[in-house]
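Across the two complexes that follow, subunit A remains constant while its partner is subunit B and subsequently subunit C.
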Partner chain A sequence: MSENKKYRSKSGRERLTRTIIYIFLTLLCVIWLIPFVYLIFQAFRGESTSMVTYIIPKQWTFDNFIFLFTKTNFGHWYLNTFIIALFNAVLQTVIVLCVAYALSRMRFKGRKFLMNLMLVLGMFPGFLSMIATYFILKLFGLTSENAVPGLILVYAASSGMGYYIAKGFFDTIPKSLDEAARIDGASRARVFFRIIMPMAKPIIIYTIMMAFIAPWGDFMYASLITFGHEEAYNVAVGLYKWLDKEHISNYFTIFCAGGLLVSIPITALFMSLQKYYVEGVTGGAVKG
Partner chain B sequence: MSKLSELDYLGLPPGKRKLYDIGQFFVRLPGNLLNFLKKIPLGIWKGICAIGKFFAGIGHIFADGDWKTKASFLIMGFGQLFRHQIGRGIIFLAMEGLFVWFMIAMGGGYLYGLKDLGTEATVFSPPNEYGLSVVIYKDNSLKILLYGVLTIFIIIGFLWTWYTNIKQNYTAQKLIQKGVRPKAFKDDIKSLADEQYYKTLLAVPLLGITVFTIIPIFFMILIAFTNYDYSHLPPDKLFGWVGWDNFQTVLATDASGNDKFAYTFREILIWTLIWALVATFSNYFLGMFVAICINRKGIKFKKVFRTILVMTIAIPQFVSLLLVSKMFSDDGIVNSVLMNWGWISEKIKFWTTQDMARIMVLVVNLWVGIPYLMLIATGVLMNIPADLYESAKIDGASGFRQFTKITLPYMLFVTGPYLLTSFTANINNFNVIYLLTAGAPKTMAYEGGAGGTDLLITWLYTLTITNNDYKIAAVIGILVFVVVAVISLIVYNVSPAMKNEEDFQ
Partner chain C sequence: MAEVKLRNVKKQYDNGFVAVHDFNLEIKDKEFIVLVGPSGCGKSTTLRMIAGLEDISGGEIMIGENVVNDMEPKDRDIAMVFQNYALYPHMSVYENIAFGLRLRRLPNDEIHKKVCEAAEILGITELLGRKPKQLSGGQRQRVAIGRAIVRVPKVFLMDEPLSNLDAKLRNQMRAEIILLRRKIQTTFVYVTHDQTEAMTLGDRIVIMKDGYVMQVGTPQELFNHPANLFVAGFIGTPQMNFFDAKLIKNGSKYTVNVRGAEIEVPDYICEKLNARSSVPENVILGARPENLLIRPAGSKNTIKARMKVTEMMGSEMHIHADCGMDKDVILRVQTADLDEEAQVELMARKDFEFSIRQRTINLFDPDDGRNLAVENAVPVPKKAETAVNTDEFDKKKKKDKKKKS
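Now for the complex of A and B:
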């Protein structure tokens, strides 16, 4: 009898814990979702373009979106960012895979030095080198109105230093596979394309995804390189300005509409490839 | 934790053995730290020895080389041309020719320009016949410095080529002495897809890193030793070398006895470190807590909770953070709603007082970081051997004890490297601070446009973009590097998980 009672009290406590956890997690999700719900409501708000004191709009409309594409340079910014993201996804993935394969599978003189060098370079604040990069790009005429190719070059050029996660993945592929192929007379290049690449699908997708998403959020580099030429802005730089003191009363809902248009495709892409993201992130963090 | 003998250790079940390893790591931590400090002078000595050996090697090649090798010291590719390595020889010779031409035509002048970065400032011409004066552009210090730096890197590249050249000569000479025919040019090309495939793979990435990372960093380090700022902006004005003056301004007092910059730097450095520490660990522990909650046995809708949290990672930060910053502004929605509900009678100033703003950025950063940490923690939690918990339960350990004795040490041990990268990433966390507050609230106590929530990196941004104070920005960038490097070096050397790269394979 007493045994039974003890068992029941334990399950009662368990139920209480679970209830608390459910409440906690639900609350958490609500807090995490508030900004997005707010963003959506504001993007479709018809009355007044400034901030208002209530959440749910009184009038629903598409005017903000129409305004974005007819009265502002948003279309340009969107296209710029899309082009940059596309090129970056290709170039960065190729570069990262090359570096990761070389450092993971091959042993050569200077390999350790190279890895340490990239580690040390990574410790400099990225923005520090930006000022000089700006002048180098200017020498080639790749700033302001030509900022799109300039930004592609900047993002892709230094991407070799972000090889860690891909290398960590390659490290887990057994070396005996390479060795067997090499005994059969396959060259290193052949091993890379025929054996490693097909097995690296998750990490390739992860790299492409991250390289595609990153340019959408970059404010720091883009604001410097596109300086003074509005049509060359990316979405982050373009939208940022609308929330300063002079513009916010006329552009707040426009900003929200623009933000929504940027967020939807990125989020959709991200959620559809979520599996690869989780693999990349956990693998990378655990192995360093 | 007492040390076990090897036999006892091997007798442990695998899960316990792992736990024992982890315990031993924490026991050995102080000793490791001490060892690391001892290693520093040794490392420096090793470095000096390596440089000495390098030059001794060159001397040896010269002494031991035949006349063809010796001639290659002056005329690159000479030896190769006479040893049936025509392809290589021509390339080396062409490179030397190109280099000599460049140095005579341009490089020499650029290098000479580095001496004082231009002597003649831009002037207005005397009024012409219409009484108008025209701007006559003379020396541009910035271009002189940039071209000078590029020349230095070309010289370094050439020296490296030269060294490769004499080394190859020597190898070929030895091979011929042994009666082996050195590799033909065709084989060289072929090996670029095989034994030397790494060269093919790394050529473009390394070129990119050199041009867009190494050269710019070198350039900015030099800027820290000049007076390049708003009152010396090329092309109108010249700037020149000032030695260590800027470091003095930031670290102590400047030439006129003003220590406001030094004060600002100290205050911001302290806040940056506090921010990085609190942001990293608050995210880490709360993220872990959320992960444990979601993964708890018997909790349903795991996927729903996880998906909602993960979704927030995807949304570009400039949208979500800018919006959040406006939501908490003085006339933002949070204040409005709380007032409508009658919960508060006057507006809460989230961003305008320093302490409140600092707390707010830390709190909002939780919103940014928890989903990410939740993912990582989930991955690690799944990997903890289940038998550890089983045996703990049999021993009657409570849930809390299981957490502090098994989960936490395991997490810390496995994610040690991640904690370090996350700490250094937070030191340079531009997005969260800049998009939320842009460094505000600004205060008169600070110099150089800095504000209460500014980190060193956002201050660096303000100094460059708004104030054009490049010289101070460069000094601050270097100091950020020093801080990050020192912290990383120590952590790398005391934690075992970083080393033994091959263990993973």
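Now for the complex of A and C:
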């Protein structure tokens, strides 16, 4: 009887702790979600375009979205961003995976030095080299109206430095697989594409996602390299302009509508590939 | 189907560690060569140099008529079976076996024919549609062998192919490799650290230690006439017993005195000793456990010993005994030779006497460990030298690992 009581009291205490934990987590969730919910509601608000102190709109409308595509350059920006992200996703994935594979499998002089150098360089914030990058791109004529190819170049060129997660993953694939394939008659390139790539799906997907998302939300480089040339803006730079003092009262709800549209592809991508993302990040750690 | 020649092959790593020193070997066509030795002796490195997976620091490797030093693995016409099977996990068994043929752009129907033939030889036809992870260890190893035999390579390399299998399966696969070898007549180079595999599979065995070749010979030669103390100790379980002994010359004959027992040296050893310019007085006498025979008390030329442990193995009994030396002596007694009463009586005994079977003894030079009756025997590498080397190597390895992590 007394034991039974002990059990019950224990489970009661547990239930209490659990309830507290759940309340805490729910609160956190709500706090996290408020800005997003606010953004959605504001995007559909019809009664005014300026900032207000309440959340739920009095009048619902699609006008903000229609305005975005008919009266502003938003369509342009969206397309620019999409092109940059797409190209970067392809280029960066190819570069990162090749660099990571080479560093994981091949032994050459200066390999360690190169790896350390890239790691150290990666620790410096990217904007340190912004001015130099700008002038180099300007020499090639890849700024202002040509900022889209310029930005693709900037993002893709430095991407090899982000090799370590992919290298960690490749390190967990036994070397003897490469050796077996080489003896079977495959060249290094064929080993990479026929044997290693099919096994590296999680890391490929992880790399694609990262390569797509980074330029999608980039503000700093994009604002510098487009340099006030409105047609060449990406979404981040374009939308941010509407938060200026002189624009904010006329464009706030439109800004929210734009923000909502920007988040859609990223959210969709993330949700559909979430499973692989986790595998990609933890793959190396768990197996190694 | 080709000869393989290794001439003065050397492997030195960037950190200065020499894994293989001056390796010389001529492997005949269709010969089964086994490289055996303790871990870190350079046997796998040698195999990988033949395969082209490791660069050669010096010397020359020939497969058939070609020097292959700088040839890519794929151009050497070799096949290799790895310890961890190295099957391509995303491909079916069929595609695993067909991969090498596809890269050589064979027509599809020919690939199909060859894959089916190879699968039949190995009894894995019904597994062709499966993925490697759906197979057991033995089946995976069979697929790995199938992938190698399907191309009919000039040389077949195997790197400890059975060490990932459990003991029972290992015995079974060992027998299958012997059968396979009869079916596909080609040159085999097989690496193992297991002396049973070496003895049962090899036409000739190469014993290595610390990157040096200790002896090359048939299993029988290695067992009966080990070239030095290392080979003598490495081949055979339980290990050979070593006694300090004095060599006494008697005209053209010799006798050895081991702890008071006089043993006549066999004629063939006497001949070799007579041909030598100098004969050491102190020698080490080697006798295998089965060649120590228990004698009734009071017999002539016996060595007295005190029983320490008896291990009943079923068909035989191992007796560990102390006869006043640093190391225990091990005797192997066939239980079938004794009735049960005698077995019990033997196990209960405290002191006993044994003699050494005269014709089976081996005599070694105590200075360099060489067998006095084997010509061109290689001395055992000095421990101090190699120990320092490997220690340094280990330290460096650890450092590298630390750096990596």
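Keep in mind that, in the parts below, the second predicted complex is superposed on the first by the 279 of 288 C-alpha atoms of A that agree within 3 Å, B and C clash if a C-alpha of one lies under 4 Å from a C-alpha of the other, contacts with A are read in each partner's own complex, and residues count from 1 in each chain.
Rule of thumb we're sticking to: a residue touches a chain if its C-beta (ideal position, glycine included) is under 8 Å from a C-beta of that chain, and two chains touch if they have at least 3 such contacts.
Note that the coordinates shown come from a computational prediction; the quantities given were computed from them, not determined experimentally.
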| item | value |
| --- | --- |
| Which of subunit B and subunit C A:Leu25 touches, first, second, both or neither | first |
| Partner chain in contact with A:Val262 - subunit B first, subunit C second, else both or neither | first |
| Touched partner set for A:Ser158, first subunit B, second subunit C, both or neither | first |
| Partner chain in contact with A:Phe44 - subunit B first, subunit C second, else both or neither | neither |
| Touched partner set for A:Glu179, first subunit B, second subunit C, both or neither | second |
| First (subunit B), second (subunit C), both or neither touched by A:Tyr78 | neither |
| Touched partner set for A:Ile195, first subunit B, second subunit C, both or neither | second |
| Which of subunit B and subunit C A:Ser187 touches, first, second, both or neither | both |
| Per-residue contact with subunit A, leading partner among subunit C and subunit B | B |
| Subunit C-contacting residues of subunit A that also contact subunit B | 187, 190 |
| Contacting residues of subunit C [partner subunit A, same complex] | 51-53, 72-74, 78-80, 82-84, 86, 88-90, 99-100, 103-104, 147, 151, 403 |
| Subunit C-touching residues of subunit A, taken from the complex the two chains share | 112, 174, 176-177, 179-187, 190, 195, 198-199 |
| Sites on subunit B touched by subunit A in the complex | 142, 146, 193-195, 197-198, 200-202, 204-206, 208-209, 211-217, 219-220, 223, 290, 293-294, 296, 298-299, 304-305, 307-320, 322-327, 329, 331-333, 336-337, 339-340, 367, 371-372, 375-376, 378-380, 383, 414-418, 420-421, 424, 428, 430-431, 434-435, 456-457, 460-461, 464-465, 470, 473-474, 477-478, 480-481, 484-485, 488, 497-498, 501, 504-505 |
| Contact footprint of subunit B on subunit A as seen in their complex | 14, 18, 21-22, 24-25, 28-29, 31-33, 35-36, 38-39, 51-55, 95, 98-99, 101-102, 106, 108, 111, 114, 118-121, 123-133, 135-136, 139, 153-154, 156-161, 168, 171-172, 175, 187-190, 192, 213, 216-217, 219-220, 223-224, 235-236, 239-240, 243, 248, 252, 255-256, 259, 262-263, 266-267, 269-271, 274, 277-278, 281-288 |
